[in-house]
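Once you've had a glance at the structure underneath, I'll fire off some questions.
Residue numbering begins at 1 within each chain, and the chains themselves are lettered A, B, C, D and E in the order written.
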Amino acid sequence: MNQRVVVDPITRIEGHLRIEAETEGGIITQASSSGTMVRGIEIILRGRDPRDAWAFAQRICGVCTLVHGIASVRAVENALNYPIPPNAQLIRNLMIAAQYVHDHVMHFYHLHALDWVDVVSALKADPKATSELAQSISNYSKSSPGYFADMQKKLKDFVEGGQLGIFTNGYWGHPAYKLPPEANLMAVAHYLEALSWQREVAKLHAIFGGKNPHPNFLVGGVPCAISVHPDHPGRGKGPHFRGGAGATAVDLTGLQKVKDIIGQMRDFVDQVYVPDTLAIASFYKDWTQYGEGVGNFMTFGDFPANGMDDPSSFMIPSGVILNRDLSTIHELDMNAADQIQEYVAHSWYDYSVGKEQGLHPYDGETNLNYTGPKPPYEHLDVDQSYSWLKSPRWKGKPMEVGPLARVLMLHARGHEQTQELVGMTLRTLDIPVQGLFSTLGRTAARTLETKIIVDAMSGWYNQLIANIKAGDLRTFNETLWEPSSWPQQAKGVGYMEAPRGALGHWIVIKDGKIDNYQAVVPSTWNAGPRDPQGQDGPYEAALKGQPLHDPKQPIEILRTIHSFDPCIACAVHVTDPEGEELVKVKVR
Amino acid sequence: MSASLEKGLNALREVMDAPIASFFSSCVHCGMCADACLFYTETGDAKYTPIYKLEPLRRVWQQEYTLTGRLSRMLGLSKPVSDADLRNWSELVYDSCTLCGRCSMVCPVGNDITYMVRKLREGMSAAGHAPEGVIGATKRTIELGSPMGVKLPALQAQIRGQEAETGLSIPIDVQGADYMALLSSMEIINFPEYLGALARIFHQAGVSWTLSSEAFEATNSGIQIGASDIAREIVGRIVTAAEKLQVKHVISPECGHAFTALRWEGPNLIGRPYPFKVVHILELLDELRTSGRLQTVGKEDAPLTFHDPCQIVRRGGVVRQPRALLGEVASDFREMSDPGVWNWCCGGGGGVSANERAEHLRLTAFKRKKSQLDELGVHTMVTACANCRIVLEEGLEHYNMNVKVVGLTELVAEHLVEQEAGK
Amino acid sequence: MSSLKDIGVHVVHVGGNGNARAVLREVENLLQKLVEKGEESSIDLSGLPLSAEDYDLLEETLGEGEVVAEVHSLGPTRIHETGVPGVWWVTHYNDEDEVLAEFIEVAWCPEILLAPEDDVKDGLEALRARLFELKQESNHG
Amino acid sequence: MADETLLEILKRRGISRRGFLKFCAATTSLLALPPSMAVAVADSLGRLKRPAVIWLSFQECTGCTESLTRAHSPSIESLIFDAISLDYHHTLQAASGHAAEEAREHSMKADWGKYLLIVDGSIPLKDGGAYSTIAGISNLQMLQEAAAGAAAIVAIGTCAAFGGLPHAQPNPTGAVAVSDIIKDKPIINVPGCPPVPAVMVGVLAHYLTFGSLPDLDDLGRPRAFYGESIHDRCYRRPFYDQGKFAKTFDDAGARDGWCLFELGCKGPTTHNACATTKWNGGTSWPVQSGHGCIGCSEPDFWDAGGFYKALSTPVDSVTGAAAAAVAVGAAAGVAIGIANRQRKAQARAEHQTVTIEDLEK
Amino acid sequence: MSAMELLLWARGPGLGIAVAIFLFGMTLRLFEIYSLGRKTDLAAPRSPTPGSGWRTVFSRSLPYQGTWHRSGLTVITGFVFHIGLFIVLLFLLPHIKLIHSLTGLSWPALPTSLVDLVTVLTLIALLVVLVHRLMDPVKRLLSGFGDYLAWAVTFLPLLTGYMAYHHLLLDYTLLLALHILSAELLLVVFPFTKLTHTFTLFIARWYNGDIAARKGVAS
């Protein structure tokens, strides 16, 4: 029996996403992914001061709140050949890394976990057995029976209160939930722990960027002047000067706080996040069979040790892997007109060169042209345009970007810690290496790269402190600040590895103003619609061949989609090939 | 529009220049020029504020030489200057202004108001709004050769008198003399001793000099009335005579505006530089003093003061010389308040003394001088301008003041060494 | 990292912004009110942009007094009397020892130290119950 | 249980009245009320019930939600969350699609007229609202339906309050603020990009505590938090007054915490609580971390002339206009100059010698 | 139009228009003045002359002693408000930033509190000047609409600036917008009123000094 399923909205993601999928005999045969919200930020950016662009671009997303800011300042710096001081690079690395750790942990516990963890089942757990389970996998201190009993009581109070709030209408009791009650209770406890932990670690951004979400950045460096004052250590008095007594947030107290936060991050990743991932994964090994995607992986690279002009110094290397072939890494050129292109064959945009042709972002166009049904509507015509996302391709091929791509790239390039961690994971879970190309592999890769990145943070921190000790307080390069010092025309690309994957901003500057601005974001690579050749985007490809137990409770779809950590506004439809609507999941 | 008005306005259009434009552009109506003008200070009447006296000129400038003024006039927002306006302003421009130049010294933005009043008089006179008394003087100058109607026989009579007095001959029409001396009518009529003094001094100093029978009158009513065409004719007589006698210098007498007319305006009026130099008598005396050719003996013991004639001092630049000369002949010289370039006018310069209708105003203005003298308490006032001398004497008499006015040149002559020896 | 303290970089001292003086004057007024009319009052320090120097000045001027107290409820509340009797420094912390709110209270005794009447009544009930139990126990014994 | 009051919840958790008093004191401080209001707060909180809250996300970036999760003063925040029932919230809720929408509809029906509606993100009106849909429904329609049953609406973030980034020039999607659409419900604007967590919590606390709207300014912002400008509450303000300004982002002045006005700080025209509440549990705030305020709680701050241009400087370059003006002025000057010279020359040509007769008219 | 929109207009198109009108007007005025020309003086100048016109350009900034006595109030209030305007205009940081962005020139600012004090003194001086203009017969006679307009457009930027800084009566943003607009009004009115003296007084003084110096008088 063919079914068309509509899931709208998909929650626990950033923004608004829509996917169309067809099922046959409980298996998804085709899916279509659609972004249903657009703001036209690229249009808004035109004609503005390139130095302001980061703030606009940053508002593309408030979850991965830092990445577009970084990509934007890097784009301007690339266009202007604008070097930044070593301290600024270290601070940016620390901020990007903190974003990873913060974002991945929050994704795992607050956005993804409820796909695997049955909150209601946790009520049935035995706190003592939960404590034993917890202690068997980690030496995390909060693991006493009393702690879990308290947690359970809190949960019970909440459920008995009759108002489930955000847990209302969850798919509790669905057969796809396989964790024993004790594992569920442990996960729910860590859900709450992570909520207060993330509050603390977000402070790293506040120290360097003034606030989180949306910390501040600066073309030419970082805005946070270092105010280190040996005679006047911070005392943590009063609600105002808790951060220290220095003139700016980056003083002795602030730097000490950064060090403490890095420690807190590492402890949580080591003692909670990694063990939980492995423990939960061990119950869902069947999910190594689904959700593979397109089999092509791409990274842009990040964490420079030597400036963005020296990709060989990046901790995460760049490259392209085709058809799962880890033995051949294809080199990537961000500026080559024939490599990265965006297509709009199935997107609500027009190109001046026609809808079939791809455009490199330097020549990119953002001409909104909605041709979909007038809201309120039941479904989209997926043969025509059906998304506000474009379809980016590398040499015409769809690419998956994100943690899995990065871990594979690190692995393929011989990164020792990665190889060790991947090996350990495969051994622990007793799964073959092919198991990585899956929903579960993607989720595990996210955990593993968090570990790799959090471990690298101390190095950057120590180097920053060493520089300061040596008297180098420079955080900003003034030389090219004034637009009068710029060439009349310039273009550049700023790229980075966002937690969700490779991110690039392409900018064309003319007479000191933005002439064109194009952001190709990870979720566009992953969630974009089909291209003119009919090739699926990664989401679409990943859903293909996946089971769907109950179209009314599409938890399987959520698992795979969430494993990509979407960062857009989305919704899901599943339609049959004849277009006859058999099941209307979203009833209005 | 009457022909005379048009002629007057045309004259104003003609005189308009960059300085005037800059002056009017700069005026902030602060009123500080009023406090510098004795007609205002002594009457307290705001209409005597110097810059206000220039309204007709300002309006012509604004309406005819600025874009906004032209536009507003086209749009009928401003009215052109009328004959009645000029008539009304006649008193302000002639009666209450001696061209003394004091306001030009205090203006914070640097407006040379005097320069502009002089220009405005061109239009006023051309439009027929000059005062009768001044017109009369001008007429006599042109027709008779001197504003007071003094003719050559009168001069010759005075020459004879002074030759007898001094025992020296007074040269006339001597070709090739170094200096050609000029006199003012007032000196000829009222102060002939000036001529004697010249003879004695030049005799002692051995100066080669002469008078001219064709041009002995230095005063120039054309300047006072503000008619350049007439002033040019008067100056021309002197230039012709000096060139004829081929003198090297022409000596301006003590008379103030004569010096201005001859020294500063003359070349501009005739349109070429002179082939001779013009010196004021005080300049010459001081030069003789410094070169040792002027020997004096004895000094006046009585306290005395000096009244700076505006045109010689403030507008003429002869500031230092009178004091140097006084130092030779007076032991108790006392400066009045506001001395030198800051002096207060006698009240009769710039044609005011010839303007009968201004007599009352002039005497009112004299209170300034009166209070200066009262303050100082001296009974002798030296000056170096025949016109000042007349006006001062009239004023002193009007206010019953016991002050004697003495010409500086005569005073110097009285103390000549030779004269002492001759007696 | 102890080495942080060794950082040999000198940055000029940042000045206070003078709000401490205003607070001190307000304290003086409030204290006078307390003395004359017996009115108690307090100042919320979080609404004011006080620099570290301002805190220094406030603390130096008010000094340390004789009474120190700590209340444990919803995280600690630390109270000390300043060197000016009647002027109390009250700081509320949460469980993570972060400052929730901070007040200067001008009162005979800070309000939070006084036992609430209802709590006292409840306590009386509880004590009576306990005594009754004891009596029962001794009767049985 | 739903009718349980806050005081009862606290007592059930073994917290004394002293604790409640402290909670009230902290709440009073959080609400930026005078300390003397603590009694009123205690009285209100003692009677507090748990209302339902529906949170709709439109054209947004989720930064506002993220900001809310950073709300510190956790004991207060957690109590507040215990004190409300967050029935619909995309980013946090477990259910998706149909189940999620059902939860929203159920909550609306159950608490019709009583629930608090929170909105983040702007609402696109162009092209029938096609630029943002949820479940195929335009944001406009969803807002209108949800607003009809709300007791009050809180527009969280500058997008919901004033249109925000989507509304920035040239506003490609026709984005507007909540208050542009809903006219018949009380609306509290809590702008900021994102808003300060403590402010969001404080505004919610005020509404929940007193069951009424706080005192609002003419832009619908609670005066308690938006009543003063960043500049007036800034710890760097004394440097402004002393004329000490950082000239670049890492000169000695910048390290000494001198005023950032020259570097484009919009503190003087921005009303928000950052300078007093600070961010992330009082860790820092933009100015303390060296970047000028970008004015994110003000309407149209995106179009306010550039983040690095000092407030007193021109938004656009005037060089072109200035050069043109000088050129036109010079041309007009030359023209009038020529006309003036002609007039003077004419006057000279028409000069008739003034004679004695002329004087007498 | 909201306060912010007004402010943006004032900082954007408004400023452009005002600066353009100002520059147009002033260029026009200077051409108007200089195009009138001046006859060469044929009279031999007294030599040596006591300086030239340049001397007077500076010396006229200080009044003669007698002027102090006679026009004391005018002199003192004039000094106070001119120096005050000069300080406020040129030494308040926001103004320096504006000048910098318009001309590329910059210099250190004075403490804002000092400028604030100067503003008060200047405002007081301007009020005294106004009252004096209304009371004094001479000034009243000389004054027309242009004089009061010039006074108002000078007074308003100071007043609005002061009010903005102290948040008096209106919201800061609105006051700032009004302040900038009032300054723009000043620029617009400038070339067509006596305010031109700011520039032309240098020309006037130079001519005055030149005329006097040729005669041997330091004026």
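Here, a contact is a pair of C-beta atoms (placed from the backbone, for glycine too) under 8 Å apart; a residue touches a chain by one contact, two chains touch by 3 or more.
If you're wondering where the values come from, they're calculated on a predicted model, not measured in any experiment.
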Neighbours of subunit E that also touch subunit A are D
Find out how few touching-chain steps suffice to connect subunit A with subunit B.
2
Taking all protein C-alpha atoms shown, work out their mean, then name the chain whose own C-alpha mean is nearest to it.
D
Looking at chain pairs A-D and B-E, which one is connected by more C-beta pairs in contact?
A-D
Chain of greatest Cα-centre distance to subunit A
B
Using C-alpha centroids, which chain lies at the maximum separation from subunit D?
B
Could you tell me the distance, in whole angstrom, between the mean C-alpha positions of subunit B and subunit E?
37
Between subunit C and subunit D, what is the gap in Å from one C-alpha centre to the other?
34
Length of the line joining the C-alpha centres of subunit B and subunit D, rounded to whole Å
76
So how far apart, in whole Å, are subunit C and subunit E when each is placed at the average of its C-alpha atoms?
57
Could you tell me which residues belong to subunit D and also touch two or more other chains?
72, 74, 235, 255-257, 276, 281-282, 332, 336, 340, 344
Listed in rising order, subunit A residues that touch 2 or more other chains are 227, 239-240, 242, 246-247, 473
Shared-interface residues of subunit B (touching two or more other chains) are 16, 65-67
What residues of subunit E sit close enough to touch subunit B in their complex?
28-29, 32-39, 41-44, 46, 56-57, 60-61, 63-64, 66-67, 70-71, 74-75, 78, 136-143, 147, 192, 194, 196-197, 200-201, 203-209, 211-212, 214-219
Show which residues of subunit E lie in contact with subunit D when the two form their complex.
2, 4-5, 7-8, 11-13, 15-17, 19-32, 34-37, 93-95, 97-98, 100-102, 108-115, 167, 172-173, 176, 180
Interfacial residue positions of subunit D with respect to subunit C in the complex
15-19, 21-23, 25-26, 28-30, 32, 34-36, 72-76, 233-235, 237-238, 252, 255-257, 275-277, 281-282
Subunit A-facing residues of subunit D, complex
1-2, 50, 52, 57-67, 69-72, 74, 84-87, 89-103, 106-107, 127-138, 141, 165-166, 168-173, 175, 193-194, 235, 246, 248-251, 254-257, 274, 276, 278-291, 294, 302, 306-308
Within the complex, subunit B is touched by subunit D residues 332, 336, 340, 343-344, 346-348, 350-356, 358-361
